[in-house]
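Below are structures written as structure tokens.
Heads up, the next two complexes both have subunit A, just with different partners, subunit B and then subunit C.
== the complex of A and B ==
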């Protein structure tokens, strides 16, 4: 730890240290030089750091946009030339505007229904609720996608973590599951999906389904593909628990459950979270393909619909979707990094 | 050559010893790679005795401790604690591991509490918390009980490990080179600390160490472990120095110097004998020649 005595540390430096620790905890190391600069710690070194951590990425993004803008116009397709950044930006704005228009319509619809309901009730006619059936907006699609990926990820984690713990604890279990894991791990979501869809339509036959069938199919496909990283990493984490720690458990004659809960799982937690982080990444990638084929509302279906309608806006809107998918994936990964740091006991960062 | 006073333990090998090892041997490896680490170990220890086993690194000291702890099983021979054979690890033999073996996700108190909770299951929650706190304070970490191992210095970590070992209230405390990873100053202060704690409740202790001075400061009896392979115990040296032993004053004590010289001399002689008896121990140098001296190709296309 620090050798400075608290009395010697100025309030400013302490504030800066707290801010830095918070930033690091949140996975925003990029802010660290800025914080240091703001508190006047070695301005020259911080400026250099800042230039590299912020300046260079900005330059590379600008270079990418410039290259894209200059080349896009020269690529002719059957539905016009490739959209450049500005067209994509316009498309993004129109998608946002569309969302608000659609919401406004829904509000108006609800208001109309209220009036109608009052009128019918006054006339003594029975009233049945009517749902607004406008088309889902871009933000609805994003929301559906997020729900689907989390549902799939949750199912995958609930299976993979306990199974991984079992495989890590017992060599027999590991030998039993290892070949299955090796075979199923590389299977593409596109191969799983038809099987899952047939199974879901065969087995999930409720009159008033709580979940859409398409939702279940894509969520389960996500599960099937995102299961493996968590499973493999959990098994590895559990199998590589420090022998000294296990010896402590043996000397204390800890019962099996205590040993697993107090020694094995905490020790494997950083690797379990590494697995979960990879799984969520895989899940998000798989989801788009699954939604596209399962026709489950979501970003995948949005991309597919845009592709099908082939308007002049098609390419720009698909590109908006590409950036959205990328940014959400990045955001999900950051969230997992923060969680991973929060549970890793050794202060090791898993960037 | 006569080595030291072949002091017999108060109740040596009479079948009523507190801890007794008879003809214990342990090998590792399979087939041709099999090496006998310990062979023909006989040991008898009286209750309340502090025994130090000194030996060179790699002589099988930790194997011996692990055998007594029950973490390893002997190939031949038997180990008995209070007349009952040792068949596995248990909290009646508290181990202070060389590497501390603290759980990094638990605080100082949490680490000690884990041991207390496991051993005193029948006690009330309040009593167990009280007990854990008592041992944390005993090793002088009361003010740091909420810290995590990573926030502690090596010496403090080892104190936690000692506190955990003591908190099990074991019949026998096994110290596996408890201070070997510490700097000389911390080591000195912890040695005094261990003596103080030991004097307080007179546990039976087996300590493994590579430091003759440490053994002389703490132990009632010192037994050198002859260098391996096939390490066996040497004669036992009684340390009849008055306690508490002051590390500075003891340096001028003629008795201290005499025992120290005898043990050091014994260790030097046996290590020379071992080197002469095992010429094959000299390892062959590995062939470490690069296949080619040409610098690796940097082109991307092979």
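== the complex of A and C ==
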């Protein structure tokens, strides 16, 4: 981060340092100059920093929007011209509005069910609760996607971290797994998906499944693709643990488990988290493709359905989804950065 | 007294579906209308069913998900339950108690091919050419393309789809071989003059526009979409190839129907009511257009859907004609699952080699009776008559076979009782002991 002048450490400066550390910990370096400015620390330098960290991005975003707006109208497609920022904004608002319309319908449905329930109870028939069966709204789709990506990511991490530790600790294990990792790592989700779908529909045959099959297949596809960055980084992190630390552990005759848990894992944590962060990013990207093909409800299916509609709204709606996917991906990355910072001793900047 | 109690108990149990929360799949086509209307107008709910409708990416995924149980049932191509039962592609016992509509497809060719067809047959080069247009004017174009070694490519939506059989019928009626399926050739292009391939309906206009194919056979709104986007010209509708041809069906697995007999009847009741509503008045059709254009259903623009749903068809920009029977949902006994319809699809599967060997007439009838289930339809329709939603005269009185039908573009008469006799009348097509007999 920017240099700190070793000036008088006043109470104010200490407060500012705490605020800065908090901001950095949360992955919000962007606020640092503002905090410094607020505490009156080198106003001119801070203003310059602020301009660069906030002003420049704003200008570039505005330039992008301007360019998009001016070019979009001139791109003719078979379903009308490319929508500009304002059309996309309108489409976004209509998706939000549709969400509330659907929720209203659900309220009306529940009201109808209350009446039916009263009638049934009067007739002495047993009543069971009924779920509303309307269409999933845009927000429902986002929620499904998030659940799926985290389920897949969790499965991937539970496999990749222990396996990575083993590979890092033992040269033999590393030699055994290395070729498999090299072969499977570059495989696209589109190749995995049909295999996963067929396996899931063949093996996962429960009468009343707790998870939907489509959910399992897209989550597993995410796992298969997001496994590798964590695996490789964990192995690397473990392999590069300071030999002195391991020697000390050996002298102290620490049992194997203690050695792993107290020495190996803590010192490999920054790299493990770098791997997890990459994995989550890959998982999110893969998920959209998997949902498109597996027809698992979610943002990918939303994009596919809109594409199939081929209406005058199609392009604007897909662009809303593109921005949503991008923003969520960005947010997930920030979350991982925060976690990474939280477990790193040296406060290494991961950004 | 005892009998009365038993009867009352039976009536009561008939009213209660075994499974209430159902998920049905559909493809974004206007002929899924009966499902959408049954849901949106609350017909399912009145039967005590809580239905979610889910658009599917393509027919293959839709069928697989019905077989695997992820979907309780779906809007299907009429050939799908039959094909699945006899093991074309996938083997599974799929049945249908309800036919969703008649007609509704068309064959569209690219603007470039249409220009060439007009050069071959100058009578087409008017603002309102005479319909039906046969593939005769296409034949020299096909021959020229084959001489250049770059055969014409056309798309249909699925190997066992009505579109596949209609496109093949139309081409073969003009002496163009659409190719045969053989044990070694699952793509159906053996001895083909025109190469046919599979493309999901909603992608048809885009694929045509990209030049990957020069024509396609598909349901609505994807032919009208080509007219609106000015990328192609629908040359013939399925109504003109075979008047009042059966189109989509509602498919469920036999296991599902046996496990949930009351639910199957309740679903069929709601669908019959929806079909009746759709054909009741032009106002209802307009309302249906409104509903179908929602993004979660067909999702195309209202004008595009309305073009075919409201009794007209636009062959070319400005060439809009009255075609009151383009989409039929209830009239002409459209909802009844006729055995003779199933037999026709079986004859076409035999004709193009999907059924590799000669079968006796009895086999055709046995398969038809296994897949098409008027028994479920009858129970549903009779319950609707009792409830006053259906007039007794609206329930077809039939043994399941329509009278011999002469409404085909080539004039060949179809009698569902004599499938092998019917097959022997085609100049192009496999029949009898011969595996493949392309007229070259």
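As a convention for this text, the second predicted complex is superposed on the first by the 339 of 351 C-alpha atoms of A that agree within 3 Å, B and C clash if a C-alpha of one lies under 4 Å from a C-alpha of the other, contacts with A are read in each partner's own complex, and residues count from 1 in each chain.
What we mean here is this: contacts are C-beta pairs under 8 Å (C-beta built on N, C-alpha and C of every residue); 3 or more make two chains touch, one makes a residue touch a chain.
Since the structure is predicted, the reported quantities are computational estimates derived from the model, not experimental observations.
S.K.: Subunit B versus subunit C on the shared subunit A, clash or fit?
M.R.: fit
S.K.: In the overlay, work out which of subunit B or subunit C sits against more residues of subunit A.
M.R.: Partner touching more subunit A residues in the overlay: C.
S.K.: By the touch definition at the top of the document, which applies to A:135: first (subunit B), second (subunit C), both, or neither?
M.R.: second
S.K.: A:295 contacts which: subunit B (first), subunit C (second), both, neither?
M.R.: A:295: touches subunit C, not subunit B.
S.K.: Which partner does A:42 reach: the first (subunit B), the second (subunit C), both, or neither?
M.R.: So A:42 meets neither subunit B nor subunit C here.
S.K.: May I ask you to decide whether A:312 touches subunit B, subunit C, both, or neither, giving the answer as first, second, both or neither?
M.R.: second
S.K.: If you stack the two complexes on chain A, which partner ends up touching A:304: first (subunit B), second (subunit C), both, or neither?
M.R.: So A:304 only meets subunit C here.
S.K.: Identify the partner contact of A:266: answer first if only subunit B is touched, second if only subunit C is, both if each is, neither if none is.
M.R.: first
S.K.: For A:258 in the superposed arrangement: first (subunit B), second (subunit C), both or neither?
M.R.: After superposition on chain A, A:258 lies in contact with subunit B alone.
S.K.: Once chain A of both complexes is superposed, is A:201 in touch with subunit B (first), subunit C (second), both, or neither?
M.R.: The second partner, subunit C, only.
S.K.: Once both complexes sit on top of each other, what is the least C-alpha distance from subunit B to subunit C, rounded to whole angstrom?
M.R.: 33
S.K.: Which residues of subunit A touch subunit C in their complex?
M.R.: Residue positions touching the partner: 78-79, 98, 112, 128, 130-135, 201, 212-214, 292-293, 295, 297, 304-314, 317.
S.K.: In the complex of these two chains, what residues of subunit B are touching subunit A?
M.R.: Residue positions touching the partner: 69, 71, 88-91, 93-95, 97, 99, 101, 103-105, 114-115, 118-119, 148, 150-151, 168.
S.K.: Please give the residue numbers of subunit A that touch subunit B in the complex, ascending.
M.R.: 1, 242, 244-245, 247-248, 250-254, 258, 262-263, 266-267, 269, 345-347
S.K.: Which residues of subunit C touch subunit A once you look at their complex with the stated criterion?
M.R.: Subunit C reaches subunit A through residues 20-21, 28, 45, 50-57, 61, 64-65, 68, 70, 200, 202-203, 205-206, 209, 225, 229, 231, 293, 295-296, 298-301, 304.
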